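The same subunit A turns up in both complexes below, where it pairs with subunit B and then with subunit C.
Entry: the complex of A and B
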């Protein structure tokens, strides 16, 4: 008898609570490896949103959220396997890593299982295009970010530019969009350099740019750590004085701790905590919960991701994956931590806030929060 | 042709098919999740079996086989990728490739062929290396192929993920692939080439001396294993649907090697055991990785649990089971132990034709040291010639030159009209010259029968190999011990196996380097009778090196004496016993002569 009680107890404590009033969200994200810099803080924001919603009684006051977590170690093959496991497990939504490469690895799985999938922070606009009906993004697209930063640069009076990009991932080819927009505005591209992901030494690229006479007004890149700090140091060491423009990939504590060399760098990201904004409120709550302010915008974006799912479940009135996908595709103006988010009328690439931030005295300084001109945004393309 | 008992092969193949099918059926009944785990397992097993074909049989660990898996994956995927997707993701692909869209089977076969061709090219270069240089070269292969895949963006999408591959590998596809790979590995192990390669793994020097061209066998195994790896890669790509070059790099290399090492490199049983153990542990730990609660206690997620677990298993295996959990034998070799297969017809012994091995003015210099200085000697068929001399006098060096192990610095070796100088040991063996070694050099982990059989198979075109093996074992009185592992025999028996192995080469001239060392008086007497039989019945000429002067005196018709690399005497036993130079070399000078020759080092006996 004792055995029966004991084993029932073990079975009960190991079993997943699978009641009908639970929304199960599977996360196949990169908690370790090269993409952990984005996915780990995103996860903090997601958990905060889940706890907030559950503390209030669940979605619509009745549907509790449960996260089923898997680490994919920044590896595409592992992402495909983890996504399949989550699909087998019967989750309603799958969260994929913050880069389009591993996220694309799961398209076969989510498409076949008809489960909506959202990448944490992948910004390549080709992701939902190639990924099909069930693939969503959760971040301002590369082409949108590039349109914003190119327009800003041109408006500052900069007329010549140089781009440094890596063909190794979709994301690191963002400067090609920048070059498109900058040229269309009337700026002149002086040249371009390519690097490989994880390249140690950027001195050859830096020397080439420094040797330009005159130097380009702007050097634009979407490299992120560890490449970005190395590139930046090499450029400054070689005597390049151009304005450096980056992208959301450098919205991390590293960028703000580079000291003198990092000063003046401007980059695009998904929001800025202007006084009275939703993001300012989020940052305060985040600090109250985790004991320190968020390091990057990614935590707020993670919070947004859960708010989008919540809105979709509310609209669908069910936890059925197909219903959630259809509801999600038609969402408009969902209030998140960074601002409002709209999927209606897009192919899965959200319309959301893009902010320009400058590194000043080791802290973030607000530059601008422009509404991108639709006519300037380049067509998504695969590199 | 298979070199092991038919029952072994039959039992192994039957078991592979039955177990694979049973596992597949069982998984189908449990659910999709288990089916997918099993699919991954089958594909890993194909990879493990593939690496095992080369590493297990040759004894050279390969870190490079994941490169072949990668080539197979990319080659097959490019062929099956739907043409519209290809146009979108690989716009710079050559036209004929862009238009191609094949089914999984054809694509896999083509990928295997392409990879095999590449392996042939690479193996031709890497096969020249030995030992750790060869291992490091395989590591280089992995890194270079990785780099080329990243750099060849137009075809491979570089470091980005290669996606959109039709997900056509189901559990049954993987099961059939697995059966093909395991059966191929099992058959190769006991094929003529596999047996030769395993002999070479145990002892490359004596393998050469019995006619094995070890580089050729390595190349065969290398190419076959590359093709199997390519199959694993193709199936994996079509299971995942998306992959990147990272999938075919260090972490998966170590995963597959962990399976191979934990299970045991040298057998298919070991490959399966290792794959099962590592997969079970990984699956278990990965499930626990996300945190779990037991008895109401929450264990927090610990990322990387699976890797740590595998590391611990490898450490355990290295400390407690260095040969792997399955050891050195296949399960069926432990279960079924039939007596060695009898030869169909024991052929009557053929008398060798008369001929003479003539060595003229042989000199061997190692740097400044002259080990053998201008020594001429001849051995005729049907006679036993003794070669004696104090330790370090150059006897073994002389034998090594005659048997092709060392190329003489000067001088010529002839057999009748045929020039033998500078030939390799396998070529010398082919010319009817066989030998044994001073330090026993048996293929310790092979059976006595296999030790002898592999020599018969590797000389004289392998004709009547079974009959020759049987005759050689019979002549040395080893038939009773044919099924035992050579390494487990007594010292005297091991000496006799070495002679049997040399005899199986059907030599006309036989070199025996201290064949009676370590034998007691009775064993020596027995050996003498058997050696006499060789000359009288078969007409074999024997060049005998030994310290046992009693044995030499009784057996030999002629004796040659070496001292400090010089031939100091040659003649009948009578003459040699009386020769003052021999007495001096062996016994030293009497006191009265010492003062006159005080600069000369006293020779040892």
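Entry: the complex of A and C
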């Protein structure tokens, strides 16, 4: 007991004075492992935002930001441990990995410690729902992305579709939302296939789809690498000529280096650098700083994450975790690198822009940036 | 019927790749009694060589042999550095050593190359396909099947007609007696690793040409499949490894192709159940090794 009292006292005395002029943000993110594809570029954007804010004197000109970094190796158990360590360390906000499953592993910790947590790029709308008051997301939801891509597909005149999804994670079930919206619009689902995460061989699925007569107009999936390139190559090699629609997980250099096979793929993501946009400006600054343009939208989304925390701290007027949480939940139109971000009126799943991008000549081509019709967005699906 | 034939082609291509992987494990196991779980990392090394060659603009015909050579060299080095010091250790010691090698390599890839997946530039013809009768067959399927056949013929010739190959077979049968006959242990073991590196390299080219990217952890899935195939075929038996690889490939593709949609989610458990059932009837594997102390039932 004496130890507990003593260590609490030490922790309090260490944390409290620091809180006055420093905001400590703990990052329990996946810098290695299967989710590094998302969290590593996100971290680059976060660091850029932290440096920008600190260089300008800190949040509101006084509160400097300090990142306390931990790598959770894409492992849920490790995420829970790291979140606990960060909570014990007295951080004001915790950043969690870019997928719902490891992020959910930390719910118990952040809920009990009453520290707001925000996932880098997890897009499952169930995350804040299951996670409770202290769990926030930072990406357009799967259901919103699917509503945008299904509407686009229908407007293009596509009437039949096939989905390939994996029940292994929340994110890879996005095609189920797509099927829901597409049928409601009047399209017809010809069938569906499931894959396991990390599946190498998609030839059986591809042959099945190719054997449909007629072939579906659209094949939609939220598989990401390494699964997505394998699936795409298998589909094309089997003679499937359908329009392929993907999601933000394939916003990565591999997708743009697939050559002929990748051409024409359309996917939803969190922004597009249209001329004069905030994202175009961000990309230029990113290039000036890191020597190369960002590989994916995730870096800009990481920048946004810090801007959201900055806005919450400004609004709360303190670095107290509870005050930050309440402020964050009421934020409206925070200007980030990808556009504006609103949490007010949501359960923690932000309202953000969704862009449709097409792969053309190995580069991004802007397709559309529609505002999704709220009536079309499916309810979060609990799996 | 066309659909069935086409799925059979898919199964042959996948099974062939699994057979090459399982053979790589079996070659080393038959001689040392070691299941080398770092076998997958040999594939990762070959994959990274392909990636760097792609970036440097090296033509594919050159980068493929380079990648295979890199995997062979890595296998021999692995034996020299990690496995030779524990050669006389227990099976468990060697097993743990192979896990350690795999993890150390993964961390090195993560820290010195990239934690993220890296794109591999591949020639466009690999994504092409052509029609035979009513079937559409991808070039990469043909390549996989041809590569498997060539490797199996090569392996057969090497094991039956080459001095080193015959020595390896002798060592697999009884290492102590083989050494008494004047066969050098180091040569045979290094040869086995080089051979497993060659098989890993060829399998890696086939594997990477499907996924078009490499990441530090990509060796895990193939080595797991190879392990299942090797057990199914009969651990330590080379013919068994081939049989196990093809069987696993056929099980996976046929289930994905012909299982009703509502059962597709359970495809992997069903596949593994079939493997277990096969093992219940043939506990020593499909083609058991004649010399290893197999379980008698």
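Here is the rule we go by: the second predicted complex is superposed on the first by the 364 of 383 C-alpha atoms of A that agree within 3 Å, B and C clash if a C-alpha of one lies under 4 Å from a C-alpha of the other, contacts with A are read in each partner's own complex, and residues count from 1 in each chain.
Here is the rule we use: contacts are C-beta pairs under 8 Å (C-beta built on N, C-alpha and C of every residue); 3 or more make two chains touch, one makes a residue touch a chain.
No experiment lies behind these values; they were computed from the predicted model shown.
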Inset, instruction - Figure out whether A:32 sits in contact with subunit B (first) or subunit C (second), or with both, or with neither. - result: both
Legend entry - Touched partner set for A:237, first subunit B, second subunit C, both or neither: second
Inset, instruction - Could you tell me if A:80 is touching subunit B, subunit C, both of them or neither one (first, second, both, neither)? - result: first
Inset, instruction - For A:194, select first, second, both or neither according to whether it touches subunit B, subunit C, the two together, or no partner. - result: second
Inset, instruction - Figure out whether A:167 sits in contact with subunit B (first) or subunit C (second), or with both, or with neither. - result: both
Inset, instruction - Have a look at where A:253 lands relative to subunit B and subunit C in the superposition and call it first, second, both or neither. - result: second
Inset, instruction - May I ask you to decide whether A:40 touches subunit B, subunit C, both, or neither, giving the answer as first, second, both or neither? - result: second
Legend entry - subunit B versus subunit C as contact partner of A:229, first or second or both or neither: second
Legend entry - Which of subunit B and subunit C A:207 touches, first, second, both or neither: second
Inset, instruction - Enumerate the residues of subunit A that count as touching subunit B in its complex and touching subunit C in the other. - result: 31-32, 167, 196
Legend entry - subunit B residues within the subunit A interface of the complex: 31-33, 36, 40, 88-89, 150, 153, 158-161, 163-165, 167, 236, 240-244, 246-247, 289-296, 301, 303-304
Legend entry - In the complex, subunit A residues that touch subunit B: 9-10, 13-14, 31-32, 68-71, 75-77, 79-81, 84-85, 88-89, 101-102, 104-109, 112, 130, 167-170, 196-197, 382
Legend entry - In the complex, subunit C residues that touch subunit A: 3, 6-7, 10, 13-14, 110, 115-119, 121-122, 124, 126-129, 136, 138-141, 207, 210-213, 215-218, 221-222, 252-254, 256-257, 261, 264-265, 267-268
Legend entry - Contacting residues of subunit A [partner subunit C, same complex]: 31-34, 36-37, 40-41, 167, 191-194, 196, 198, 200-201, 203-205, 207-208, 210-211, 225-226, 229-230, 233-234, 236-239, 252-254, 256-261
